[in-house]
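Shared between the two complexes below is chain A, which pairs with chain B and chain C, respectively.
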Partner chain A sequence: MYRTRKTLFTAAALLAGSTGLAGIAQAEDTIKMGALATLEGAFAALGEDSMRGVTMALEEVDYMAGGKKIELVTGSSDASPDSAIRATRKLVEQDGVQVMVGPLSGSEGLAVKDYAKTQPDVTFVNGTSAAQDTTLRDPAPNFFRFSTDGAQWMAGLGEYAYNVKGYRSVAVLAEDYSFPYTQVFGFLEPFCRLGGKAPADARFWVPIGNKDYSSVIAALPDDVDAIYVALGGADAINFLTQYEQAGGELPLVAGSITVDQSVLGSKGRTRDFVIGTPSAGPISDTWDDPRWDAFVAAYQKRFPDGFPSPTLFSHGYYINTKALLLGIEAVGGDLSDGGAALRAALSALEFETPTGMVTLDPRRNAVADIFLTEVIVGPEGNLVNKTLEVIPAVSQTFGLAYEKFLEYGQVSRENPPCE
Partner chain B sequence: MRQFIERHTFWAIVLVLLIAVFLWLVFAVWPPWLVAAIGRKKTFVNTLFNGVTLGGLYFLVASGFTLVFGLMRNVNLAHGSMYLLGGYIGYDVAEASGSWFLGLAVAFLVIALSGALLQVLVFRRMEGDDLRQTLVTIGLSIVAADLMLAAWTGVTYQFAPPEWLFGAAKLPIVSAVKSSGDAVYIKYPIYRLSVLVVAIGIGIALWLFLNRTRVGMMIRAGVNDRDMLSASGVNVQLVFAVVFAIGAGLAGFAGVVGGTALSISPGEDIRYLLASLIVVIVGGLGSVTGAAIGALLIGLAEQFGLAYFPTYGVVLTFLIMVFVLAVRPQGIMGGR
Partner chain C sequence: MEARRRRGHGIFSGGIAWSDLHPGTVAAVVFLLAWPSFTSDFFTFQIGAYSLILGTIALSLMLLAGYGGMVSLAQLTVAGITAYLVAILGDNSVGVMGLGWPWWLTVPAAILAGAVLGALIGAISVRTEGIYTIMITLAIAVVSFFFVRQNYVLFNGWTGFAGVEPPTLFGIYWRDPVPFYYLSLLVAGGFFCAVAYVSRSTFGLGLQAIRDNPRRMRALGFDVALHRIFAFFLAGLIAATAGVLLVWFNGRVSPGTMGVEASIDILVIAVVGGLRHPIGPFLGAVGFVLLENFAIDLIDRERFNTVIGLVFLLVVLFSPDGLLGLWNRIRPRLRFDRNARPVAGRATMDAAGQPASARQSTS
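Showing the complex of A and B:
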């Protein structure tokens, strides 16, 4: 019955779309900007925080860029590629946005990148989607990612787990789609190169939105040194709660969104057993730097009901929106050439973010600093990530030549094999 | 019992042997060849407990469903929505008051009331028209799902159960002996064990209510012959409303219990509706004992499927359903 309802709805939406298209008349002095995030499903809380990042970037310039007023239209998906495409199509074909920020989740990014190729006059800027192949293989000329990808986010973590923590074998628990594949690759590649093991039968892949982790927890092996967990949003919260309930004792190594503020700062019990968990990602809650401090202060002031400190998602959407606004400013708000000048400006853009300088590589993927972190109890008694190390200017190919890096193969469940 | 052994000596021996093997599997330390054949004992025992406790949760949801059907021949397809609504209301109350138990009580009462209202205001108007009632419940569930999405958004909610229900208990079951000679005991979440205890408690209470009280007697009489019951001076409409309230209330109650064990978010309504449908089809529509057996079977099948052959795990549940429908279409405990 659900299916029928959806079909009916889609049909209705299509009808509305085709009639609406004819009536679009762009006002001369406004630019329509779309923002797409996961406001439904397991990543709903993350999507909400993303929109806070968009709002912050827009309010900084008072919704004006290049002398034009920016009109924001938001769209919602549920982390599945088809929902992202549906929402993107609606924003582009029905609302007529000229520039778009989003999506949030890895496989959504892959889908939107492919869709972007069919809309050469619209400029797409990533949200926080971090699957490797969104920009590495077969990129779209009008898709830009000023946030880094999931493998870049893991820079330094594999080495840290092996050398400093002394872990030799890990079990892997991750969601079953492109972003966790990218993260697992980024973590395991250096870890296994040093001699670490992560056998295929100790890797567990669960669907997004899985609720019941009891059978996975029961199947986790005892004879590993740690569990590498790459789950996000409600999935991470569900797993951590159930793992603690089940009396799990293995130490964790966490993916970028598994112990960030969207999980640590969520309502409910404090999860003290994750103290000491190492992780890595594009932000660190306690980075001692005036640019980051100013961003945190602005976030806390603007959103008293938000997370205790901005998450990777508000940060990523903020950076990408800001880049887009800087680009529009650079071309004086002139998108009359189908955005070609804007895209040239974006490709050449270098700018200061709350986490340092960001530049783009030839495939329009960001080169940025990455933070190696560890969960500690912060000054206010809540859990935060402490900066262990800042790894400067991490590129998507980790400094290797492009062709050389492609030899590692596409990220997948079995890459790297690590037997 | 004695009669059974005398009549079916062979089957009695098989049964005793099976029980012995089962107990041995649970309590003995597994020899290496068995571990090599079917994996570690920790996985087996934990999966067994997961299956039984999940069965307990399914029973809480499905018992109300089957109760309503048994008496009114009304397949209430909005039952899942009541589960979800109960979870949301319970969460709000528990958050506002700080008491998880108050949340549980309010969820039961509010959903029970909404169930009674539904019976009085809607179903009474289309009595005896099964198809129409069923369609109306589908409509209600769709409207309710969107209203709940508007009110509580798409965020996943997780309850904070009382502190003493949190954490793991060490069971007196040895999973393995370390090389140092120390026994490793199996740990299991206390909360999930309490779900099982509550489900058994509710099951016994329902049985007592149906078999030992005056209202229960009326309900049973109503299941057998509605018209005769009405003719003998019982206010059938009142009995209907009471049964509907209890059935709905149990769904709301299960919403809080299940939402604490896992979590609540949009889509859970369909999930639990489907689970209760399968449970009552397997167990037999209208039978509370059948719901218990069906819930246990489906819970175990789901968990063992997930743990031992994750890709085809779901199929196992439906295979059971197909088998029951082929061999005993009225369900394991179904009458007629």
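Showing the complex of A and C:
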């Protein structure tokens, strides 16, 4: 009896030991790349689309960069910082990835940035997380963001709502974490500077994954001109459906992921109701440009069961993955110096994306074009975002000097006050 | 702390002699002690230490559910609030609260507060039975979740706290994988023995008798409510200590740490592991953590949660007593116990699916 049991334990120990070592041993001619996205929870559909972007960028180069084979390892989180850190730690410490793309959502990005500081030899490239402070305050030297942040995405929308739509006061409905804070700041700052109002008691903050919006809808004030909504994924669909069913009549102004293809492409009765809603973001479904058309065509061909047109998640992950691959190509696949040369190459990288040229600022955050859009019925009867205006080369500090921009203070529920 | 000190005493007075120690137990202890020496940091920290922490929280539920017959969904709430208290009383990097107390004051204060919270939850829910206990503790878990999520003055809302660090003591930084693993092992092992001891103590026997027949115990002059509240206090002590480890492990705490889904995870861990013996929750935790980390490597990344669900479903379907029951069922077939000591007694008990610890209460 003793022997049997001892054998069992030895076997278990060996098994555990060998899996533990597997992460360290790897061939000389491959580079391990991690990709982290929210494949669980309220943002699962968005996470799936993100992975489509990663796949597209990798298949473009046939999983080869700088003469090395790229081996992809996937990690999943549920949009909470805890789970993002657990998944990142597994990718880095267990699977031994040398470069990583991700995460998807704002607070995850803040957590991964902090973790990146403890792993100086691993190069982290953002997915689509768009909280401002991921790169603005106390950035990590090995964290790069070739996609822009949530405040940049709002470029031009505040002015448009005030000047063209003529709105003077808005209610705000957003999820309660760092990314919507960043979006609300990006929208309200110009809106309020022009004279618009968004009183504190007309701002509603809901948790990610909220399903019942009836109490929020009942509390929405009547004396505002519009509602600014910054919800994503299933949350946006739930709110829009319930607001329509409740007979809501206020016009909407939407955050970047509230009326994008992940919502417009869903089946449901929100359709007619969102037509004409202005928004802004890093992509526009109908931008008339050969680079964008080629990207859309490639996406539709590769993923017939994906969204009708790529979302900003597949777009953001595509851009960031592509930047990483270009960087690896530039250093000839040589990461033997702990990735220092790769990071130098990434810092200096300028490249063409489906949405124009991207460069980095000194804190490794992208400077890129932003699109002001409006929801219309597209040629095939589906809802799409029409390009109203392209705002060129939007920087994280809105063109202000870094120190000057910091005076605005950290994004939060009350910033800007806007009374 | 006190419970742990009693352990040494318990081993000797509780009728267990060293010669009684099962060789399997010795092997398990050696295995656990040697674990960091043959695994990577990742396996030591994220698999090993995390399993021990989750197992300890589930152990507190096992104490309540297995011996007391009270299924509480609020044990993670106790751990979560304790984790918050460590961030609030001690230091954090967020700039909200962080009173800067030294660790030797923060940790005992937080654990004591957590245990008292556990007792309070007990005081509210002990007069209910069965499904109503589950409902009332679920309500407490949900209320606590929304409270910490919406309170910005104390709990910093959705973002919670980051930058919570364990102290550097004796020149050792306790967040490093190996020291942290042994710290977790010490806590988990201590509480494991404490629970095993409590189950044989007068109090534990009383608790199990109350589980089986509260009316008779009341007629015999036992204070049923007080017994149950004290059990909640002890379980709170266990969960609170694990909560301190949890916040040191993550370095952060946010409402998601104690959300409803996470609370249900703890229930799943305890049920899948087995509620009849204190080892059950740890088995469940190891299975849970391994699946959580590696299911994504086994199958298409869009389907891995299905695998996790299926495994748990299969375990519960084929063995109502969880992994522990599965083991008990397989064991006779493997003939591992051919020459085990109390042959007759054990055989009958195994047939009834009763482990040794439950034997005393029923006999």
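Just a few scattered comments:
Operating definition for what follows: the second predicted complex is superposed on the first by the 394 of 419 C-alpha atoms of A that agree within 3 Å, B and C clash if a C-alpha of one lies under 4 Å from a C-alpha of the other, contacts with A are read in each partner's own complex, and residues count from 1 in each chain.
Definition applied: a residue touches a chain if its C-beta (ideal position, glycine included) is under 8 Å from a C-beta of that chain, and two chains touch if they have at least 3 such contacts.
Just so it is clear, the structure is predicted and the values come from calculations on it, not from any experiment.
Legend: residue contacts after superposition of the two complexes on their common chain; A:392 is shown touching neither chain B nor chain C.
Judged by the touch definition given at the top, the superposed model places A:141 against neither chain B nor chain C.
In the superposed model, A:241 makes contact with chain B only, not with chain C. Touch criterion met: A:40 reaches chain B and chain C at once.
By the touch criterion stated above, A:94 is placed in contact with chain C alone, chain B being left untouched. Applying the stated contact rule after C-alpha superposition, one finds that A:409 touches neither chain B nor chain C. Touch criterion met: A:218 reaches chain B, while chain C stays clear of it.
By the touch criterion stated above, A:80 is placed in contact with chain C alone, chain B being left untouched.
Residues 1-2, 5, 39-40, 48 of chain A contact both chain B in one complex and chain C in the other.
The part of chain C that touches chain A in the complex is made up of residues 23-24, 27, 31, 38-43, 45-46, 149, 152, 157-159, 162-163, 250-252, 254-257, 292-293, 296-297, 301-302, 304-305, 334-339.
Chain B contributes residues 40, 42-43, 46-47, 50, 54, 138, 142, 153-156, 158, 160, 166-168, 170, 187-192, 262-263, 265-267, 270, 303, 306-307 to its touches with chain A in the complex. Across the complex, chain A meets chain C through its residues 1-2, 4-6, 9, 12-13, 16-17, 19-21, 23-24, 39-40, 48, 51, 73-76, 80-83, 85-86, 89-90, 93-94, 107, 110-111, 114, 176-178, 207, 413. On chain A, the positions that touch chain B within their shared complex are 1-2, 5, 39-42, 44-45, 48, 78, 209, 211-212, 214-215, 217-219, 221-222, 233-234, 237-238, 241-242, 244-247, 267-269.
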